[in-house]
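Single-structure report; data block below.
Chain naming follows the written order as A, B, C, D and E, and within any one chain the residues start at number 1.
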Amino acid sequence: MEILRVDDSLVCTRRVAGLQQMSLRILRDSKGRRHVAVDPVGARPGNWVFTVSGSAARYATGDFAVLTDLTIAGIIDNWTTEPGEGQQAVGGGRLSA
Amino acid sequence: MEILRVDDSLVCTRRVAGLQQMSLRILRDSKGRRHVAVDPVGARPGNWVFTVSGSAARYATGDFAVLTDLTIAGIIDNWTTEPGEGQQAVGGGRLSA
Amino acid sequence: MEILRVDDSLVCTRRVAGLQQMSLRILRDSKGRRHVAVDPVGARPGNWVFTVSGSAARYATGDFAVLTDLTIAGIIDNWTTEPGEGQQAVGGGRLSA
Amino acid sequence: MEILRVDDSLVCTRRVAGLQQMSLRILRDSKGRRHVAVDPVGARPGNWVFTVSGSAARYATGDFAVLTDLTIAGIIDNWTTEPGEGQQAVGGGRLSA
Amino acid sequence: MEILRVDDSLVCTRRVAGLQQMSLRILRDSKGRRHVAVDPVGARPGNWVFTVSGSAARYATGDFAVLTDLTIAGIIDNWTTEPGEGQQAVGGGRLSA
């Protein structure tokens, strides 16, 4: 499972039926790369979360029929970024806390 | 799920039977790397899309028998590339909008 | 399976039901990146462990219903980091033993 | 699915029973890294192909019992490498056509 | 499937029950990173092997109940490292033959 930070919601009206009406979040990894995850726990922008991938991501939504490969599994209670972590990415740190 | 941009269609007459007649798209990630995805939503070159991978990619085509590991799951309504994102790749940015 | 080192426990009260009350550990790979794993073997901070991913991670917890994609599969008896390994990461070594 | 180029065949007499007598090909990605794939379509050295991974790779061989995680899914009709693509790898381009 | 070289055996007395008494090998990829794989073919240190990952790794052990995500699928008959390949890793080549 990976540690990511919630960046924003993703607006996407035209999508495959299998995603249903699940909330989609844009998450950032430690290199600033963006990923899209289904959010069954109600995370907000700025929250640090950890995500589950693969077929477990479908189960984690509470409905195996939801066609995701990445789901937020929990919101981390306390999290401190290490100095320099936001800047570690090749190409400039986009994870500026 | 990953955010990619549609680059082109892929012409491939000789393929395994399991792919059927599905439309194939070439997508580019933020580093300019190309990927091939099945497209059940009708994306066009230049569209930003997000993709689902793994076994969920087969379900997302609407037919589990389609042998893909990457399927376009939705077209993103609005998307703004951050300054410098197209140039972040090692080896030069090939994602020049 | 990957070789990682246990860093800390992860406190996360708000999580999906599928993770149950499993212990979560923060692990570090050789580049200093953090991952989250379920721990059914009782590893302690500083231990070198190897992890199993994918659907096998669910089986490895002893209960397939646990929604993880990374589980500690064993604690390595002896492990010596090679000189310079902690410093190999782009962006500075965070794996300072 | 990924785009790779066929490099050579792989000679491997001692193998697990699950691979049966399937042809194995060495493929190269855009960074020059080598991968091994089962080839049910009859690709030749120099061909650009795209591959399917995961459990779909087993189905793509036409026999789910074949234990592969990478299978050639099709031969691309036309493919032009972009200038400099063979040289994009960190450490020097090994994809010299 | 990936091409790796056998480095050593892994001694690990405390492990999850699902791994049974399978032999574990430490393998190195072309960047010198270490991975752990189950070995059903009897590879020796120095051998070049190729590995199968994902759920196929479980089948490849001959017993689906073995909880691995990486299994040695075959020993390569002949293999020549290309000049400079051992040195391609960022941070120094650890694959010195």
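Descriptive notes on the structure:
The definition used in the following text is that contacts are C-beta pairs under 8 Å (C-beta built on N, C-alpha and C of every residue); 3 or more make two chains touch, one makes a residue touch a chain.
The structure displayed is predicted, hence computed values, not measured ones.
Following the contact convention of this document, B is the list of chains adjacent to both chain A and chain D.
Least-squares overlay of CA atoms from chain B onto chain C yields a rotation of 145° to the nearest 5. Taking the mean of the C-alpha atoms as each chain's centre, chain C and chain D sit 31 Å apart. Separation between the centroids of chain B and chain D, computed from CA atoms only, is 19 Å. Looking at chain B, one finds that residues 53-55, 57, 90 touch two or more other chains. Traversing the ring of touching chains from chain D and stepping first to chain E, the chains occur in the order D, E, C, A, B.
Partner chain C is touched in their complex by these residues of chain E: 10-19, 24, 26, 33-37, 53-55, 57-58, 67-70, 89-92, 94. Against chain D, the residues of chain E that register as touching in their complex are 1-3, 30, 40-41, 50, 52-57, 59-60, 62, 71-78, 82, 84, 87-90.
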